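Handing you this structure, nothing more for now.
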């Protein structure tokens, strides 16, 4: 095996092995568990760094293993894969730190961190999958490994949320599988290739290709929470805060959006998809989701539910970017994959802190929270402003590229959609900020633990991750032009998908 | 019609009676007898059909000997279980099934 | 309703089967002629009676497995008939006792004859064993032999011994090229050895199927 | 002429030897003998699989040196070698499991060891047999040994379940035997190799009746819907290691024989009715899953799941084509389900052993007390649901691929629906296991499961999942000697 084959596997092993070891650790070995978690996360970052340098220099990383005749478990770490891998690896580190602080003294931590690591492994597999078969394998693994996390608390409500989550994702998986096998039986292969592989099937009946597209998009659309397949996401909010962060920013929802990107660009090929009239319906679906998610978020009093509907809306920005048919929109969609992750994880970290420190679960309880927890509220504000697309934040960059993309594609209505959504974002985020910063302190918070635990604001492990990610939101917004920024990387990918893929 | 065929025809009737008996009879001893009828029918067909031309064929005869031993064994097993069931429940019929 | 349906179906089945067999008898004889093949190989079989030759040589493997069936059924009978305490004493039947005292020695003799006769005329281990088993059952019914308790080592050896002899011979013959591949010159002696072992064990097993339950 | 240590012969002789030995020696030494014997058999099975796989042709052993049709042949092709490998991969962990399971109960153990030896001998002989009458004898060994193992527990439910099973298996073999009699009457031979070229579509009606009788009898033994009535009480009522052996292997033996006959001698007769087994198989999937979803007892849930999973095997018949996809799917499903179902019964047995109760509801809280058993159950469930990366997933993939290639859309729908239904009953148990039990119920979780029970179950489950990574090797083995 060459080092170009080993490196992608090592990236996966860096979370798989610690995860498996953690399962066997007794509950009391806290230091061991923490050390393993951090060691894995840091090792992964190091390995990802090596990959990034290599791919930027034009190296190709990949590994194949035959599972069935003509069907391989194939990994390839290309530029697009690395966009997702880097995001997940980075956020995994912070989520782990946060989770260590969050779950202090709660039971079953070995189980929790074991499955947590497996989740990240599955996400890496999804990112680096070299064909639809491999993608599906890890896509389903992600479902299986997130279930124990969603139901972690073991209450009836958690079980209900977990069941709804499973019903949606396994149903979606079944559709996806049908689509993939159908495609395989028509085409004989299902590799991800720049520019797509389906042009070879130009003679096949159009309805078949359209039906397969529908199956595939519906399959990944469940995880991407596209309306009307989004019902599980608000229900899954019963999970502990680090799991919500994982679902919304690191793994699950992202995996769905990433799947849509792979299917449109590297299975159908953007040109061929356009010629089959598939992109406009996709754009319409994304639009509906963007507006519906924002609209529903307006009326949620539960803070995490409001954030959940916000996620539904924001993820479809990525889908819209993909469907805009043009390099500008592509860059906008891809960069939003990263930016949304940074912003949303900040928001969930902060929401977890409010709940853990002051017992705040509802928007209506937020009055004066900013005075008691200024740093957390600051981080929250940065995330929220980013979501609105305020200048100097990461959100502004993605929105600008998306709007340019829509204009260039001649889809003026999409510009209006983006503006409307920004207004709605402001409408559901600004009241929170207003309450937190400007309303007076209430007589008592629902369940304040600051004094009992001897915290100044909250535990350090809970405070540092949101501050760092909030900083990243600002950095990605202000320094988007330098090399190695998410934007630069997205431009590299767009260039490869649009230029190298074309004959 | 040769003797062999008469045996085979009788075997067919016995087999059919046996099958009907196993399906219809609730009393376990009767059911075991019906099963033996089935076996005998099959043995008669095996020997009778092979010897329809009147020639002796030792191969099916040996097979039937083997088959008889197997069927003796199966009958003994069925009787032993029936006896045990009777001792435990006092009934010579199978209890009604419950799905759970 | 169900009853009538089953009866009608069974009658129909018998009718169809008979018609099919009549149709078959009108066709020419089958292409494979096994009786001829048996006759042609009788000399190498080690016995003179064709049925015994098929039973213990040509298709001896079937017979090996058939003994396994008997032994395994005996095991199940033992498993489901746990004997609590001592076996009940048999009832006292004077008339039967007289009959049994006369018949059992004759039956033993008949068993030995059947075993020996199997080589060249109808007979053999199973028939001999059946007579032995019947003798034991007769003794029990007459009150001369109590029911059997769970078998001790000696009895277990007797029950499984015949099968083990068969098994050892079968596997030793692998050295001759195949399972149960008798060399023609020793075939007769080996078959007699197997049959003798089987007669004892089959007698015990068949008696046991009755007496372990009694 | 073959060597003395011919795996074909010894795979049959060895279990017969140790079965008799275990009877002679009694349960304690018998258990040791059995485990050593099965370990040796596993080695023989691997040796045989390597020989068949590398050689690329079937291996033949002419018993008695006569050769068919006068004598009886044993033939090991790829399918047979794969079945033998599966049998011993399942049997070795299960016998180790049984040692732990029966440790406290010597009266049942006394006859478990010799009976399991006869069962394995019967299975091995069945997989290797190439003679219709010899197959009848092996079928009876397997059937009677299985009934014995179910009934050996000795309580009224088990005896009744054993009797029900006994009558089903006897009717099945009676029909099979009648078929053999008609075949012998028509062709004068029972050797499969000799018969295959003789049978064609213009065969006499007696041959058609024979084929129908034999296939129906075997379907009854395989518990194909609607002949499944005997399976749940038998598999759900027996001790856990027995349930595992029965569900993983015994029902597969008669399916194997159906496949053999369907592809071999009866191929010219079956072309037009291939949709019938598929239809029954679909009904089995839906009905079995539905019953598993509403089962109250844990082992009943697993038993009904067997009925559903057997249904998948019968979907392949209308899809059998020159591309071999359907046959590969069937072989993969047999192996994957065998390993997974053994694991599931073993894990369920361990849970029942500890909680002392048999209801699905009593599993609550097991997640924290018996993580290994639960993990084994979950991994086995992954295979049954057909989720990646398990062997069950590859089977499902191949099956859908075959169905799509042949344009049988309704089968695709059934396969997908079956997977989702399986998810419902598997997650029903997992959900319950993760639930925090009410305080009063904790007292039932007083003692811990023996590690032997938990880890053997886990090994089997892990094997069923890892099979998904060795699919190519299994399919290469299956391809040997199949097809024209």
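Per-chain residue numbering starts at 1, and chain names A, B, C and D are given in the order in which the chains are listed.
The rule is short, and it goes like this: contacts are C-beta pairs under 8 Å (C-beta built on N, C-alpha and C of every residue); 3 or more make two chains touch, one makes a residue touch a chain.
Because the structure is predicted, anything quoted here is derived from the model rather than measured.
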Study note, to complete from the structure: With centres defined as CA means, the chain nearest the overall centre is D
**Study point:** For subunit A paired with subunit B, centre-to-centre distance based on mean C-alpha positions, whole Å
**Key:** 67
Study note, to complete from the structure: Whole-angstrom distance, CA centroid of subunit B to CA centroid of subunit C, is 17
Point to revise | subunit A and subunit D, separation of their C-alpha mean positions in angstrom | key: 43
Practice item. Determine the centre-to-centre distance between subunit C and subunit D, using the mean Cα coordinates as centres, and give it in whole Å. Key: 30
Review point. Of all residues in subunit C, which are in touch with two or more distinct other chains?
Key: 17, 21, 24, 29, 34, 38, 58-59, 62, 66, 69, 72-73, 76, 80
Exercise for review: Hunt down the residues of subunit B that sit against at least two other chains at once, touch-wise.
Suggested key: 8, 15, 19, 45, 49, 52, 59, 63, 66, 70, 73-74, 77, 81, 84
**Study point:** For subunit A, residues that touch 2 or more chains besides their own
**Key:** none
Revision key, fill the gap. Chains touch one another in the pairs A-D, B-C, B-D, C-D
Revision key, fill the gap. Note: in the complex, subunit D contacts subunit A through residues 367-368, 371, 382, 385, 387-389, 393-394, 396-398, 400-401, 404-405, 412, 416, 419-420, 423, 427, 430-431, 434-436, 468-469, 471-472, 475
Practice item. Provide the residue numbers of subunit B that touch subunit C in the complex, in ascending order. Key: 1-2, 5, 8-9, 12-13, 15-17, 19-20, 23-24, 45, 49, 52-53, 55-59, 61-63, 65-66, 69-70, 72-74, 76-77, 79-81, 83-84
Point to revise | subunit D contact footprint on subunit A (complex, rising order) | key: 23, 65-69, 71, 73, 107-108, 111, 136-138, 140-141, 143-144, 147-148, 151, 154-156, 159, 162-163, 166, 170-171, 173-174, 177-178, 181-182, 184-185
Study note, to complete from the structure: subunit D partner, complex, touching residues on subunit B are 8, 11, 15, 18-19, 22, 28, 31, 35, 38-39, 41-43, 45-46, 49-50, 52, 59-60, 63, 66-67, 70, 73-74, 77-78, 81-82, 84-85, 88-89, 94-95, 97, 99-100
**Study point:** subunit D residues touching subunit B - in the complex, by the definition given at the top
**Key:** 133, 136-137, 140, 144, 147-148, 151, 154-156, 159-160, 162-164, 166-167, 170-171, 174, 177-178, 180-182, 184-185, 188, 229, 232-233, 291, 295-297, 300
